Amino acid sequence: MKRFWRHFKSRNQERQELYKEGRFFNMLESFQWPWHVPFGEFALKLDSLSLIFLTAVTILVLCAGVYAVGYMRQYRTTKSMGLHIFFYFLLSTALVLIVLANNVILFLGAWEMMSISTYFLIVFNDEKSSVRRAGFLYLIMSHCGTFLLILMFFLMAHNAGSMNFEIISHSSFPVAFAGSILLLAIIGFGIKAGFVPVHIWLPHAHPAAPTHISAILSGVAIKMGIYGICRVLWIIGVLPDWCGYLILIIGVVCGLMGVLYALGQHELKKLLAYHSIENIGIISLGLGVGLLGQSHHMPFLSVLGFGGALLHVLNHAIFKGLLFMGAGCVIQRTHTSDMDLMGGLARTMPLVSILFLVGALAICGLPLFNGFISEFIIYFGLFQGLFHLPLQGAFTCAVGIISLALMGALALACFTKVYGTVFLGEPRHLQEPPSTGKISLLMIIPMLVLGGLCLWIGLFPQIMANAAFQGGAYLSHTDLASLPMGTIFYPLSLVISGVFLFFALVLALVGIRRKLLQGHAQPVRETWGCGFFQMTPKIQYTSSSFALLIVDFVKGILFFRREGGDVKGKFPAKTSMSSSVHDASEEFLFKPLFARLTSFSKKLDMNRIRYTQIYLMYIFLYLIFLLVWKLK
Amino acid sequence: MTSWVDVICIVIVFLSLIILSNHRVAAMIGVFALQSFVLGLLPFFLHASSISSRDIMIGLVTMILKAALVPYILFWAIRHVSMRSEIKPIIGFGASIIFGAIVIAGAFWVSLSLKIPGQPASDLVLPCSLSTVLLGFMIMVTRTRAVTQVLGYLILENGIFLFAISLFDVMPVLIEMGILLDIFVAVFIMAIVVNHINEEFEKNTASVVQSNMGETF
Amino acid sequence: MNIIFLILSHWLIVLTLSPLFLGIISKVKAFFAGKKGPSFFQPYFDLQRLFQKNSVYSRTTTWIFCAAPIINLAAVLVLSALVPLGTFKAPVKFSGDILLAAYILGFARFFMISAALDTGSSFEGMGASREAFFSCLSELALFMNFITLSFVSHSISLSAMIGANFPLSWTLMGPVLLLVVGSFFIVILTENARIPIDDPDTHLELTMIHEVMILDHSGVDLGYMLYAAAIKFFVFASIMVPIIVPVQSGNTAWDMLIFLGGMLVLSVTVGIIESTMARLRLNRVNNLLLIAFALAFFGFVVKMWRM
Amino acid sequence: MLTILILMPFLCALGVLLPVSKYFRLKLFGAVSLAHSLFVASFWKEFPPSEYHGFLVLDSLGLILLSIISFLFLSVSIFMIGYFKHELGRNRVFVTCLFLLLSMMTLVAVSYHFGLLWVAIEATTLFSAPLISFHRSQQSLQATWRYLLICSVGIALALMGTFFLAIAAHDVHTLLLPALLKGAPLLSVNWLKLSIIFFIVGYGCKMGLAPTHSWKPEAYGQAPGMVAVLMAGALTQCSFLALLRIAQICNKTGLTDFFSSILILSGVLSLIVPAMFILGERNIKRAFAYSSIEHMGLLVLGLGLGTVGLFGALFHMINNALAKVVMFLTAGSLAQKYGSASADEIRGVIHIYPLTGVFLIAALLAGTGMFPFATFHSELLILNAAIISKHYLMAAVGVVCLGLMFIGIGKIILNVIHGQPKEPLLAKKENIYMNVAIAMAGILLISIGLWMPSPLEKLLHNAAALIVSV
């Protein structure tokens, strides 16, 4: 055992020398402090990979913090905030530590801290049983995932003989071993990131949490899963071929399932939660492309893939934060999160509606905003893969392109649904919305900042894209300078000029329209009802009916259920109808599994042998067994 | 004097068998007292030529504690309970004897392969003590009455002691005393617990004698 | 400055020529119905009329409602700048411009659907819902076509893909191109709301898709919408024609003539289809679009096989 | 010194048998615990000399256990001051038994003779039994009964093991540890193997290793919180010390593999069995009892795996004890407040008793090994040992079982913490003594988890070196 410790120590020295030689490439900043726990050291490192995530964390934690000050006012009289604030700061610390940790123990510690503090932030409204259940589900899934991570990290650390990421990355891994580590990482980190089918905590936790927490959860907490996978990719370096395909396929499945489930929702925050799964899918697509490039020795491809994925991480954090904050304002105003009851909010809260629109356009990946930039880079990578990879790689890339396009189209359908039903039209419930929920300025400011960032990255992506490519290059262990980065930056710049062209056109057309309308009266009437004069807001399309066509089309995958609503006879009686979409992996995998386990355990308890004698027999039999086993 | 040791070993096993086949609690306690008395005699025959003070002490303490005090406590513990018979044994009395015989045979067979280093007082010591331990265990497992279980435990301990007393003198006498004292205290506490449980039952519902753990107190 | 001049001239062509082809289609339809029909230039008159009228707005609507036509028109104009028109090369072309093309159309669609929902009318909501659904499927088919074409041409620029830089040879890629053309034709019909997917001329709101979405628009707004529709058809057709007729004689005039001829034939074909076919039942439309996707996908597989 | 340490509580036990006031007993107990802790603290500086011809020796292993015992008794004595404010019953037997328990546990920690060790451990079993049935309810008496019976049989097996060891040591002529270690080559291997098996089953029974764990849920479920603390934190670890002593001999005689394989089997079983039972459990204390079985499993697993695992196991001894303080004292104070420890009876603790709620959270996190509690590190060390020794399947099974344990305990605790508050039996005031006792352990556990003091690390290293001599 001593030897083990000594080995550990000598590795430390070795690293010190490495630092001196400056062999750690692309490291921006590092920090070292002894930490007196077994295998622990307080080693922090900021490299181009962490930088992206750190940026996302910082932006969102700050914005959500400011937002929270305004948002939590509604609870000021009813709840004590101390614990909530404490855990919020704990979470922020943990997030920063995770992205900076350079030691397994530190990472795992921070990881656990994140899980715990997030749990307590989620169950803020713990009087609701749904909230408690959501929090619990989150906590157990996250903790079980952590166990897998512990196994994975220890496997790696054992192989390398050190607990320092830097040193582990310098050791070589046998290919099969690397594959199994990545599998563990995909499940362990995938739980946090929300990979289908282990995503089931996500759509419950997001609606349950207070809004600023949902924003952080969706914006950065689940990204920590992606960060973890990136870190593992970086550490292992050379991975077997199938890993790229696997991650790409995971991306396709997550993306499509996420957006389809989202379409089926009529609860605003739940819908946004499913969209996080979709965006994780897009990010995984990028990572998959990067891995394919890496295993086929095409550094440019891998930088494109990884870079796109990293940029999307940042972008998603920004626009998802914005969307959640918008949703929070809406929910505070209407006191419901059911979109089928909302409507017409654009007239009562114009600024929020515009900011939400910005988020919605960005998340659909439409030009002008940041989502388009990262999706463009990922598309570009996929097309490069299509052209240059061998047959099966090209085919997978084609599948990736198609599904990315489909995701985009479906997301568009989904967010027109959201925007249309929440902000446009007439309120669907007939009584006036309670006006008590005043939107404080502190809630608007962070949204303005995030919206501005969406636009900034969308119009001037050079800085962020460059940072992302740096990260990508770091991840694929290549030097950015040796790559033809102009191949991507030139089209990017032209895309931006296209967008400006569009902008100019819009301005011109607005001018022309104003000119044409000059001198004409613009009467305001009721909406034309096609000859039908008694329109009530109730007959508007609801979010459910809007999505019905698509949901019905894919009901084989979505487990779409409709109850009631049968109309019989010429003068049908009053009837009601409800429809819901059920999560397959929750309904058919985890719920039965858990129920089975619990009932098994209960049965054990019920049939518990009451006789002490039997337990005495156990002792005796165990003794006999050991004697026979060990002494023959 | 080896033959005396042999006789004592055989008697102890025999008495265990008798306890196993008995169904009256009071009689079982009496037989146990007899067994402990015989066990207490053992040290005196062990070193025939020179009986040491150690042997005398162990013998006497065993006799006092196990043959006198322990039975007394047990009688005290069951003073409220019907002493007549064991209720519903898990294995019937006839079958118990047959199993007991099989167990004895098994113990002897196992002892064949165990070789004790040095010069044991008798080659019957190991198999007999093993038999006694196993029979004691059988009593614990097959009988449902609390007192009989205590008895089973005591017989088990007797088996171990048979082994311990006759085989070696590495154990300092104080520690031997400690072991004996421990066992005495154990019986004492068990008796108190049984007593308490009986009181509780009487206090609550007199009709429920069977606990939810399978024992009858 | 040169580039701006190029773009402006490109737009000039697009803006002047595009309504003509809608006129041609209606003329063909009238011919098949045994009527004389309106003049070829009727769409121009319509536009002029609309631009002179005032607009009526619903109480329910917000600025989204007014923004939608503007954004729609702007988007198709940007799209047109990416597409070569016969001998006129596309003024903006770069690797990845198809993505810009597809997503700028998506941008316009977002606003179109939102504007429809903005009115708060169930009819327009219905159209919006249908539009959202079918556009998903047509996007699928469109991208599959893009993938196949770019795989053939090893480029992700629209100009390169449709053979402005090198003529696609039907002899080499015959089967692939046939499949793509078939698929793309369905996409054109869908995107431009034509029979058998949609009927621009019907008066039964319950069956419409595109037209029902713009029920409440009037005056200039409607004019913008119509103009955008005309340009969109024109642009899509000019993407398709060079694929079908990849002939490049070298003589500018001849090439231009061939291009315009192709456009004419395409419009007439659309007209014939509209006159002879009935509108599909709504739940059959998705099958047709999936067929379009399958055709393009088949083309892709064939190309892979040939690789 | 050591004699004083053992005799002091023993004499006090006799003293409190006299009819003195209830509070005097508590104060005396507190004072003695404090004195005991001060003594033990002084041993960290310098080990006391051996006494009675090497029968009583304090080495590093013993010191670990002794410190645990001392700390546990101290916190229990503080806790009791608060606890007995609301208890009407007498405490004569209770405090007497506690004193005797302290005395005997101290003896366990310092005894260097296997016979003496057995005597002391048996005595701890006996003196803890009356503590379980403090409330004199039917269930608690029955639990006591089961505990007594099963542990007595187990301990009897350990006695046989001791005698087998004596036969094996026929040529050494003594059961003193140093002599046995020195004369290791003279030991008869076959008899030693036999004795090892009996030791593991016997002392394992006392530790509550599966499949001989059955007394645990009953006993811990019925015992008052502070008794459960002493049992789960100190009593079981006393038996673990016995196993450590045997490990010392095994490593000298080259039986490490033999010993390890049995320990690993027991450890894995002890991980699997509670994981199977926990999901159906509804009682907080019983759930914690299952967790205790699991932690015992981890301990023997660590010992069986060696290297880092051994270090982890020794570390885990301390962490487990501290975690048990937090867990069972909190459960005990809740059970007193609500009159039951059933999760169905208690709701919304954090709203009524904010501090107890926080402790309950700490109990959950500490019991399931989450950062920043030190249990996290020791569990990690043991898992790491499994991977280092290439027991991949075992590591996987362990992880699954730990996960299930977390689900089970979490389900109960979180339900209790949150929700609409249910009215408790007692007033809505928290008792400062109780809270101080729990907070002390909790803070200590967190601080060890955040920064391991170097004296502690040195001690653990020395202790590990005793077992695996370099």
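Each chain carries a letter (A, B, C and D) given by its place in the written order, and its residues are counted from 1.
Heads up, the rule we're going with is that a residue touches a chain if its C-beta (ideal position, glycine included) is under 8 Å from a C-beta of that chain, and two chains touch if they have at least 3 such contacts.
Predicted, not measured: the structure shown is a model, and the values here were computed from it.
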Of A-D and A-C, pair with higher C-beta contact tally
A-C
Quick one: report the Å distance separating chain C from chain D, using the average Cα coordinate of each chain.
78
Per the centroid of Cα atoms for each chain, what is the distance between chain A and chain C, given in Å?
36
At what distance in angstrom does the C-alpha mean of chain C lie from that of chain B?
100
Taking the mean of the CA coordinates per chain, how far is chain A from chain D in Å?
43
Residue list for chain B, restricted to those that touch at least two other chains:
137, 140, 149, 212-213, 215
Do you know which chain A residues sit against two or more other chains?
612, 616
Looking at the whole structure, which two-chain pairs count as touching?
A-B, A-C, A-D, B-D
Contact footprint of chain A on chain C as seen in their complex:
7, 51-62, 64, 66, 70-71, 73-75, 77-78, 81-82, 92, 94-97, 99-100, 102-104, 106-107, 109-110, 113-114, 116-123, 125-126, 128-130, 132-133, 135-136, 139-140, 142-144, 147, 150-151, 154, 156, 205, 215-216, 219-221, 224, 286, 300, 304, 307
Seen from chain B, its contact residues with chain D in the complex are 114, 116-118, 133, 137, 140, 146, 149, 153, 156-157, 160, 163-164, 167-168, 170-172, 175-176, 178-179, 182, 185-186, 189-190, 192-194, 196-197, 200-201, 204, 211-213, 215
For the chain A and chain D complex, residues of the former touching the latter
1-2, 4, 35-40, 105, 108-113, 115-116, 120, 123, 126-127, 129, 132, 135-136, 139-140, 143-144, 147-148, 150-151, 154-155, 157-158, 597-605, 612, 615-616, 618-619, 622-623, 626-627, 630-631
Partner chain C, residues of chain A touching it in the complex:
343-344, 346-347, 353, 360-361, 364-368, 372, 376, 379-380, 383, 386-387, 391, 394-395, 398, 401-402, 405-406, 408-410, 412-413, 415-417, 419-421, 423-426, 487, 490-491, 494-495, 497-498, 501-502, 505-506, 509-510, 513, 516-517, 520-530, 535, 537, 539-541, 545-550, 553
Residues on chain A engaged by chain B in the complex (per definition of touch)
610-613, 616-617, 620
